[in-house]
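Read the structure below first, then the notes.
Letters A, B, C, D and E name the chains as they come in the text, with residue numbers starting at 1 for each one.
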């Protein structure tokens, strides 16, 4: 049986190490596999490694699966792992390099016949998660020499001529261990995958899978309704009633993505009007007022069509590091009162930045937030832009308040904490996305400790505590968790994934 | 004999289509691109005396209008001098130049296109006097009225637009406009060609009346020999940019010297009461882009001989105040 | 002819240079593509490294100089997003757009010219008036709205035609074409129609105006005085004269069709260059934007060239002036 | 012998927004085979419209609304479009005023000539081409083969007009209507064309209607003259007689107002006033407001009557019938003598 | 009439050949003969009034976010408001924006953008075009090369790129439209000015030693108006459509102050879901507006074309 899937965006490359992009990953996961895997709930599960353990604080040992063959027939071994990890820094022109997963790795070497030892420059509790993002290439297909030796910083030996992104258009080089092999890839039109019969694991249901990029929402839905495709990802929520009515099934799951408001806490903010040049957002009361002014349920209900969940934390519970904090109640009266207490009885004027093509109904949500803030006296202009402009301007700290989203690829609290609220520090590499410049040294300290704690239980407690500190401070205001939706033809099932991936090999025909 | 009011001295006008960057580049690459030069007027001498009517005749494209425009100051000559009252017009600056420009006016061929269709008559006639301060803003209405009356137009019509007049009336407006700046010299470029005979007579009479009344001098351009003969004291005949013959009107009409003039006169349609047998000069008028060498007229001339093909005949005085450019005159 | 080619070449070089500078400065001003391309979890050091890797850390003039240098070696740059030569990415998409534009052009000419001639010959008839009224409509409806209505009616309500995408293609000489398969044709119909409607109105109006103009010409009356049949007068004397302006305008319009394909491709998810441009603008993929515009300039210039040649084939008066210069 | 063409009371009106323009309102004349008729009148007097009416080529909003046109015994007004189609170009040909506009600029000369031949006769393309070549030779065009391959813009005005004449001659028509064919041309070229036309008519026996506003041009060419004013024929007769003794004041005014050598220094005789608008013609005789002899009687419309033998005039007070006024009349013969004298002198010089 | 008048001919004619009215009145008279055109004009004026008085007519200020309530979002036409109890005659969008009000205000934005850009584009284009025609030579060549370049490049591409570079904003849309449009006027004006400049009245004006500026703007310009007006009507309709298209492509006006185009673009997302009104009504408003303008422009074209005048 064949499967045709309508995707909302197209993979930019077939090279699994070229661009860290969920669009790429979800497609490539049909062809390639990493040592580990993340399941639908982002729990780390065995893949090409059957088990792993921390040998000491800085060394992990991964036991390799036996009898796995690449799609070109070569046998999977530690050499492939070393080659793969070696190649990461050698990928040219990568707009988003996978080095963030290999940066800490100091050595990779075989340990006996069926294991590898991976050393890091410090304790890295997240290494098993990280390696899930590093799908393994076939050293043979890529033209490596017989022995490949790992040296950090792209100094590996025995690499041969390293194939570059463009070379991966060829099915000769795009060789993985996954359930499907690449048959053809016609950019802008479709990608065809065929079943790899010698796959080590459970055989997928489909002989042939066609992935079609249908980037506009309307046509994507129309393609489903007209039978052109069997399944689509991210149908626009407003169309879901119609889709269901037409006999299609809709599956959805809470995603790992949180939509939040970040506020400028970096000294004076002259772009805020009616405050005599003061920055009201430095006042915790004002921040709290903003949070209380927002009717999250109304947004979820009206703008998100019910396909979202009001958020009180930075990751949807019960994900790793969440602590069950309640959603801030909608209380405009109290919000107004807080504003008055803070010295702004008449509110102030502020511009809310938002992308308009990045998150589900992002600009709509921003407008709704603006409505609500306007009601407590904070006159809000919405500055909606295409994502590229928005992110550039956000990173240039152009917005006193902005709406954005975050999804934790590791599936644990350290991810949002480290990027969104940890103090911005170039040297330490913390807070890269903290464009509100919120800073809480105590939390920073706690987070730092957690990040080097290998023990999961201990680490989770620390993360919970750190998150609580930030949220109590209203350093960042969670709005809602997005829900990811798939629409399928009758007779298909798909286990919805937190990471929003659409993985064709995991689509099943209903019994 | 009164002194010359306007002297045209070896005046030429060349229209050159110069090569642009691309064309020059192409030429460097070996393409055959050349500059096109039209010798619209080629070394013309003419002197017009105060108060006379100088007729200028010639076939289409021979450069009559171009010469007229140069006289009226609309084109600068490419070579030669035009002297008005003894002063080189091109050398004048500022107020002098403006003064000279206003003293020589032009009346155009097409009475419709020479009037701005979006302006009322009083604006058309009164604009220049107002701008140049010939009439103060208080007097301008009276001034315009007088100008209109002088050409026989009812001043009551001064608020109308040109399209509301007949051809003859439009011609009068054009004349009134020229006269409103008090010129001494008027270039009439085919000023009656577009009019019906009956109206043409009215306008010709008007020209003659005004000449007496205002002591005007005319350069009267026309291809209609009958009109020129009627109105001119002296006549100049052009062929393909050059002056071929010049002299008093009667003399030219009774004893044309140049073969071209002779041919031209033979072709004037005249009233006949018997059927005429027409005969014609052979050949078409050559193009001024590629004029024949020597005497321009030689390919059509029944008397042409070897010298005509190579040498340009000079305009020589063949009798008192009578000029002709023909090699035949050297033979007799 | 040489002059003419040189002039054209000069003009297009200026256009190319203007375009390139504008895009360079512009994209530089919008921001750093790394901001959007990179994984948000990347640290500041990673961001800096990536920026350097893409050459975006250099001053603008240096980036531009490098670009120009590469250009002379026939290299339009490598896409930031795809890591492949930008020219290659665009050329891959070119056939889809061209196919769409050409089909639309054919539709608009084959339907527009006869209707326009009819309306021009019978300006006061009911038929002529309705053609004109219809064309005003085609003129007034914004392209994208037309597209939406087409989808709404033909795909959603009637379900006759697919709403988007390109459908099955056949590869001919390495170029993938849709119109050779039934499925491909079906997919192409709505977008081509969408793209054609506006031009069709334009063609109708142009043809009508010219027909009326030509009809008033003395030579048409002379042709009647010669005793020619109306058929010959319309099919030879009138048609040949109106084809001159129609061809000129259509040449220009093919260029704008390729540009307007952006809208149609967006509405119908047609995988052509226009769609790519929008995506590239959104991702600040400068090499692709620049390459797209360069290619467009080249296409438009070539079309204009062809049009001018056609024009001179149709209008003998032009031929003379070219021979002369 | 019945005349080849006889037009009787022809009326062609234009139904415009501003009213009905009676461009042709009672035009009558007749023409024998081989005869040349000069149709004279000032601009807008309806000469061209008369010509177009004969061929049924009046453009909307114009329409022939009355009168008869009898060509070789058949009524063209009744016969309508089907009959006219077969006649046009074949038995009645027309030459237009502006040679620059009459040929289709985008078609080669051969195309435009051959199609005329093939529109009326079945023959091979080669034969048709041969006939075209002959026609071109007839109008004095050298190297016709080369010319046939050319486009109109490659010709000068005189050449184009000759091509147009050649096209008119292709079927050796019985009647040619020439609508001011030389007005746009220079005198020397005009003379060439006149010479050719004259020769052709004499050779082929074709009748010719020569429309012009220039009395002088037709005076030497035409056998008969018809003078039009405001859509009506006001005088008709043999050329010499009309020129010698114009009956209608308008004709007389027309002749007198032509400037010539002998008028130099003197004022020209002129017709006062201006051409009336066809939309608001004065009551009665259309010339009345401009006429010195007009009186109350002229408030009635005069009819075209034969006041002298073979001389029709539309006037209550024709010149010859008023001895007192006749004294002013210039003797046209005298003028002509003077002129031919001048011509003779020039001729002797070489 | 006396014999004397016959001789002198100077007596002014008593009657004029044509009725006495100005060229403009003639045009107007011709214009009003076509009933469709009059209907178009009336329609356009009505739309204009609606747009101008939108703040007085509209039940809601759709640009004031405080007046919106998402609880009223997505209401079908005729539904009652939760918040105020009023009726949404044309429904609401997902923000609870009353579509009727949004259309009126959107019309305003669309028209303002179109007319302001039109005014600037005309000013620039006319000056360039007249100067090119009047001075000729190098000035002409230079200006026309720029115009050619501009025109050979599709307007939508230029606007798209410019707006992508500058970001959203009414002012930026206007600037982009001016840049895109001026060349049309320059070309139009030049081509008619070149014809006019060849006419004798310009020579006459030069002969009268009038200044260049005076000749260009007092003599030439008024005579180049007819084609300019025609092009302007076409272009204003195009400008409205282009702005709409740009908004549709996501580079137009700010989302909180939607123009018609942006309203349609927003509604595009709801087309399949059955909330047709969000995009249909603004679409109809847009079409009616451009239709009315095009009808008027069409008639003007006919009226101004002297060759086609009966």
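Note that in this section a residue touches a chain if its C-beta (ideal position, glycine included) is under 8 Å from a C-beta of that chain, and two chains touch if they have at least 3 such contacts.
Please read all numbers here as calculations on a predicted model, not as lab measurements.
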item: Comparison of B-C and C-D (more C-beta pairs in contact); value: C-D
item: Far-end chain from subunit A, centres as C-alpha averages; value: D
item: Whole-Å gap separating subunit A and subunit B, where each centre is the average of the chain's CA atoms; value: 86
item: Euclidean distance of C-alpha centroids - subunit B vs subunit E, Å; value: 46
item: Gap in Å, rounded to a whole number, between the CA centres of subunit D and subunit A; value: 92
item: Numbers and ranges of subunit D residues touching at least 2 other chains; value: 267, 269-272, 274-275
item: Shared-contact residues (touching 2 or more other chains) in subunit C; value: 30, 148, 151, 156, 216, 266, 281
item: Touching two or more other chains - residues of subunit B; value: 20, 166, 169, 201-202, 205
item: For the subunit C and subunit E complex, residues of the former touching the latter; value: 11, 14-15, 18, 22-23, 26-27, 29-30, 132-133, 136-137, 139-145, 148-149, 151-152, 156, 209, 212-213, 216, 252, 255-256, 258-260, 262-263, 266, 277-278, 281, 289, 293, 296-297, 300-301, 304
item: Interface residues, subunit C side, partner subunit A - complex; value: 30-47, 49-50, 53-54, 78, 80-85, 89, 92-93, 96, 148, 151, 155-156, 159, 162-166, 169, 176, 266-269, 271-272, 275-276, 279, 281-284
item: Touching residues on subunit B, where the partner in the complex is subunit C; value: 20-23, 25-26, 29, 31, 33, 36
item: Subunit E residues touching subunit B - in the complex, by the definition given at the top; value: 9-13, 16-18, 20, 22-23, 141, 199-201, 203-210, 214, 218-219, 222-223
item: Partner subunit C, residues of subunit D touching it in the complex; value: 52, 55, 57, 59, 85-90, 93-94, 96, 98, 101-108, 111, 115-116, 119-120, 151, 153-154, 164, 167
